[in-house]
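First chain A sits with chain B, and in the next complex the same chain sits with chain C.
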Partner chain A sequence: MSDGLTRLVRVGVVLFVAALVPSLFVVIAGHNPWRVFTTLVLYAFGPQGWSEVLVHAIPLTLIGLGVAFALRAGLFNIGSDGQLIAGAVLAVFFAPYFEGWGIAGLIVFLAIGAIGGGLLGAFVGYLRAWFGASEIIVTIMLNYVMIQMISYLIRGPMQETSRFWPQSYLIPDDCVLPVIVPGTRLHAGVFVALVMVIVAAIVQRRTVLGFQASVLGANPGAAAYAGFHVKRLTLVIMAISGAFAGLAGAVEVGGIYQRLQDNMSEGFGLAGIAVALIARLEAAAIPFAACLFGIFFAGAGALQRELALPFPLVWIIEASVIFAVAALQWAVPSRKAAAA
Partner chain B sequence: MTPLLEARGLNKSYGQLRANDDVSFSILPGEIVGIVGENGAGKSTLVKMLGGALAPDSGEILISGAAVGLHSPADAQKAGISLVHQHFNLIEDLSVEENLVLGRPELRHGVLSFKDLRPDFQAVADDLGTHIAFDARVSTLSVGGRQQVELIRALFHDPRLLILDEPTAVLPPNERDRLLRFIRLLKSRGTATILISHKLDDLYDCCDRAVVMRGGRVVGTSDLRADDRPGLIRLIVGAELPPPDTRHGTRGAPLVSVRDLVIHRGNGTVAVDHGTFDLHAGEIVGLCGVEGNGQTELLHALAGMWPIHAGDITYSIGEAPLRNADAAALRRAGVAHIPEDRLHYGIVTAFSLTLNWLLRKLGDTRFAVWGWLWRQAATKATAGAIKDNDVRASGPRARMGDLSGGNQQKFVIARELGDDAAVILAGHPTRGLDIRTVVAIRNRLVAERAKGVAILLLSADLSEVWDIADRIMVMARGRLRGPVPVGETTLAEIGHWMTTP
Partner chain C sequence: MMDALFITALLAATIRLGMAIGLAAIGEAASERSGIFNIGIEGVMLSGAFVAAWGSVRTGSPWLGVVFAMLIGLILAGIHAFMVLGLGIDQFVSGIGMVIFGLGFSSFTARLTIGAKPTSVHGLPSLDFGAISHVPIIGPVLFAQSPLAYIALALAVATGWVLNRTALGLEIRACGENAEVAETLAIPVKRRQTACILFGGVTAGLGGAYLSVVQVNAFVENMVAGRGFLAVACVMLGRRRPLAAFLAALGFGLAEAFQIRLQTLYPDLPYQFLVILPYIAAIAALVIGHVRRGPKMA
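And now, the complex of A and B:
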């Protein structure tokens, strides 16, 4: 069998399995797989759905960029949820001071969000570089710490003045990311995400820092040989990775919630890892991967509303897509891998 | 007799580079055939195709007269071909036995207890007459010990053809002799062997005939008559070898001063025990010793890559002396370092040549300013360097991992010596390289000495040290002897020093 034909058969098998597995579950749950599929697609590209897909793709893009940046250096940042909260909290904490600052207030608000996530990331990088702590464990643990912390803050020191709801005061209008398409929730955060994609792509390809990070990930011995300060580098990379998530936190507050509340992250951290991996850690591919996952985040609600499909089924469909993309990378090896 | 294996008209290209150009080759059952040629001659590509790791662009492979498709190493194994790579595929943190079990592809789908296989592995080891500690971690084994593990793994499937890629390059003399004995033992049982080697002595000691490759083509065969050695060399090189450079340097001021240096290994044992010596401008000091006696750690510490426990390393290159400086500062000051372990330190195989060039050039304002990379400048410089130093690659965008070992080494040397180096730390710079490259690298070091560069040459090849070094230093169990001028000592004395601390 020729190579091309083998490849075609492989792709066919992957797509077939990827469609079959979730279909089986959907059938077991008593639904029609075709209807589930068409409902999801029609919603995602429909008049209400498309903007919701993008709304969810914004934080997924930012988090995916941060995860990918760390992963290029061989560092696993599982703590984007925690860093997102850290960014949101710090930004909201300072937000009242920016009343009347106009556009400058918004920029400073977002920057402080990045700093909040960055500080938490830097802490993880410090533990990893100087004490050999596993960044995977530390970031997972810090997620719980941050979830508890925001829960305390919105019921205590940062609670709204009426002291009724578990939520913080509203941020000033200057810090709000305006809605850009009337009648939807799509806000200016989409521009923030796109700018950061460009920034990340430039850092990745054009800067010493991006180069050093990929050397560290590809061959740590070569990083030592080249004379990189590996400890400092680890700290900086984790800080930047956390800053992306922290920025996502500020963007979510500025664009959607306009205050702190529980469950702000909706599991973006884990999805962000999948986004980064599916995009093969390439900054330019991340927004597309984020939109794919945005379909599931936004479509889950629609499926539940229209077909009474339970949430776990949506996750199974989502998991099949992740598997399918991973399997396609096996089925169609890149030219580089084939030459190795 | 039908050949055990026959390759007909194999072609393989990487981009513009024709790695194998209409290669035909055959081997009879029980025959030992050497494949010899320069770096980049296409030997590794041919071997990868025979081992199922690489698919030819065209041509066919016949086994016992029948065409077969070798699409994976597992296919090759089924056809009775086992391959031992130059760089071992062992997991350092696992035991010997665990590594062997992982090498059995049938196990991927089933579950088998480790104990079940031990007698089988033991039988193979006994058969070879080798003793092996199955519970030892691979990381504790010598290079020769690791090779034994690879051999047992390769022989476990009872192959009809064993392919060994540069098996003697890293072996000390006694282990090399043992390996060649194995190969002859296998021949007596009907197993054929393809031996790829740069060392002509290996071929003359062990092989029935040698196939010579050059520029991706088979250019001839030799029946290895002792009186035709110069003819074989001409066939390999395609010309006469350049004569060795015999210029001497003028010994100048000490550029490196090491005083009472103590270095610990990662596990806390002493690697270097109160070492003291000077390295002067315009001299080559040879550093010898049996592997694992502290030379690696000494070289790493001199290059600023390993922490110093006590004592001082002082470089007096520029106006201000550099004391215990880090690798980046030393590089900027003009300390070139050719690491002894190229794959773990010297290069990043997944990156392009340009990025590998940048690896040690980030302190150079031509390539990096204020945190920005000038990739175009780097690409241009890389293109120039690979041309000037005869590195065989399709261009600066080629992936480092696609280059042969010798071309990778030539690249590292081009990168390190490209600027004006004041001190060169060279770790086994010619190990595993072909005849012409070895001469070229030695001549390069001698030329640098003539320019007044101070060179520390860590080498396992005593004859190399004898040929080009001015003084010689020996390490045994972390203790330094010498340096003494080469003319004032004998091979016997050095051998004695190497074994008695």
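And now, the complex of A and C:
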């Protein structure tokens, strides 16, 4: 059918352009795009790279789940960076009390991280539902606020005792997520992320809350008409969305940093949105999208070390992937979209 | 402390610090009036800031840098228009892509060309109207700003005039109010919307250029630091009216100018609590704006 041929040509054009744009920038930098691509792939699937890919995929999965959960309800959470910091800060604040608690200390530590992010998310949901304040703007503004707050805390009240470096005290060993493959940074947070994928998938498909969120996203008027308490629902959804990012914060501290410091988020918030969009908001697809972006993050670091290509190349690749995945929806419309 | 000198400096700084946001807000207001939202303003501003700095360094002319910034704004907005109107991609998705692309494009290319460290660029000199620029208070505030500031004010007024007082403006507003009805009235909806998006790109590019060749005289990675998002907030606060959005941006300029002065007045206060003032102000303004005007459509 010519229809099928049209689609094939469209997909070809989209993929070509998506590969062309980052390649152009690589050429501008004086490198061979094919060599850069092979270096990236060889590193990502090589003996050192694969674990780094997963290390980056852990927070991206958690953040992506939270973003997707809110976006299904038509709520834009661009504040994952801020919520991640809120979770990390609250978890580290209480961490010293869990010394000697063993595994219970770790679980409580992670739960408090989720609460920290959840509280910030709930605040956004409250302003959105009761005061009509755009959650897009409020979440972004809170990112900048939280970056300053952690900057203050690690130079002030929560700074390490020697008061030399801008970082907090170490969390007790009980709260540390152990490395699961010796010689790498891959930590037990990978299990936390996988459990949360399952939890999110169940909430999405099998619970009243997940159903109500989908209805709210598809048709807010219908949600109100059906008697859903839309304001409370908005608050709860934003709280849960924030809780995922807050959990990511506690996991990053427990698995990687073991303390608070600047630049813990590395722009995971924006990448998490990309992950959620590429996975088409499906919880089960999010870890795979997160691994793809893990390849970009870990690979861009390798490209900078080995080929002296500036790290921000990762953002150019990410943007190309976002546009390409969106354009594929145009190239191959789903039946649902075609009917609409 | 609140003497004339202090107030003069504060107001002059208000205009200087609010202008980049204001420029971007003018075009975004027009774009949103036509029914298209661009959360990617932040990325366009970043690209504009870099290109203006690069152009200024390369050609030695900050004005050429400004022109380059307008061009990159035009190109990026063109991509947004093509994605949204041509391919039917969600505005939010395309906008987020634009934020990320702008971040990557500006930082990557900056490291390759003018260096990762802040490079000072040839800035645009402020205007000097002679004696009137030295009149106490009003001289430095009103008659000694960058030429871009006067262009911005003229743009804000002119854009508002076009939107509210001309047939073209009526068509644009019709596109934003109800695209289907506009279509049946034989208004070329997509062409009007494309024009507004492109205009938004140009003013966002200008806003970025203002940052690098007027306000800071350098390009620093991620130097826009949320001003693009603040511009979108200004458009909400100004209810999509260009002049009102522009004035809201000056409000953020005042918050910024004020917090910088508080830092020097109260060195014992952790500066982080002051740096967040404009962002807190944005949240507070959204909430207060809602309380005062009552609920409205999202």
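One rule holds in what follows: the second predicted complex is superposed on the first by the 336 of 340 C-alpha atoms of A that agree within 3 Å, B and C clash if a C-alpha of one lies under 4 Å from a C-alpha of the other, contacts with A are read in each partner's own complex, and residues count from 1 in each chain.
Methods note: a contact is a pair of C-beta atoms (placed from the backbone, for glycine too) under 8 Å apart; a residue touches a chain by one contact, two chains touch by 3 or more.
Remember, it's a predicted structure, so these values are computed and weren't measured experimentally.
J.: Following the superposition defined at the top, how do chain B and chain C come out on chain A, clash or fit?
T.: Overlaying the two complexes on chain A (C-alpha atoms) leaves chain C and chain B clashing.
J.: For A:I107, decide between first (touching chain B), second (touching chain C), both and neither.
T.: It touches nothing on chain B or chain C.
J.: Once the structures are superposed on A, label A:G227 by its partner contacts, choosing first (chain B), second (chain C), both or neither.
T.: First partner only, chain B.
J.: May I ask you to decide whether A:I180 touches chain B, chain C, both, or neither, giving the answer as first, second, both or neither?
T.: neither
J.: Counting residues of chain A in contact, which comes out ahead: chain B or chain C?
T.: If we count touched residues of chain A for both partners, the winner is C.
J.: On the A-aligned overlay, A:G132 touches which partner chain: chain B = first, chain C = second, or both, or neither?
T.: A:G132 sits against chain C, while chain B stays out of touch.
J.: Scan A:L15 for contacts with chain B and chain C and give back first, second, both or neither.
T.: After superposition on chain A, A:L15 lies in contact with neither partner.
J.: Can A:N219 be said to touch chain B (first), chain C (second), both, or neither?
T.: The first partner, chain B, only.
J.: Looking at the overlay, what does A:E318 touch: chain B (first), chain C (second), both, or neither?
T.: In the superposition, A:E318 touches chain C alone.
J.: Superposing the two structures on chain A, identify the stretch of chain C from 74-82, 146-154, 182-190 or 254-262 that clashes with chain B.
T.: Residues of chain C that run into chain B: 182-190.
J.: Which residues, counting only chain C, touch chain A once they are in their complex?
T.: 39, 83, 87-90, 92-94, 96-101, 103-109, 111-112, 116, 221, 225-226, 229, 232-233, 236, 270, 272-273, 275-276, 279-280, 282-283, 286-287, 290-291, 295-296, 298
J.: Quick check: in the complex, which residue numbers of chain B touch chain A?
T.: Answer in residue numbers: 14, 55, 303-305, 326-331, 337, 339, 341, 344-351, 355, 358-360, 362-363, 368, 371-373, 375, 399, 401-402.
J.: If we count contacts the way the header does, which residues on chain A are in touch with chain C in the complex?
T.: Against chain C, chain A makes touches at 25, 28-29, 76, 78, 127, 131-134, 136-138, 140-145, 148-149, 151-152, 155-156, 267, 270, 273-274, 277, 310, 312-320, 322-323, 326-327, 329-330.
J.: What residues on chain A touch chain B, complex-wise?
T.: 3, 205-209, 211-212, 214-215, 218-219, 221-222, 224-229, 336, 339-340
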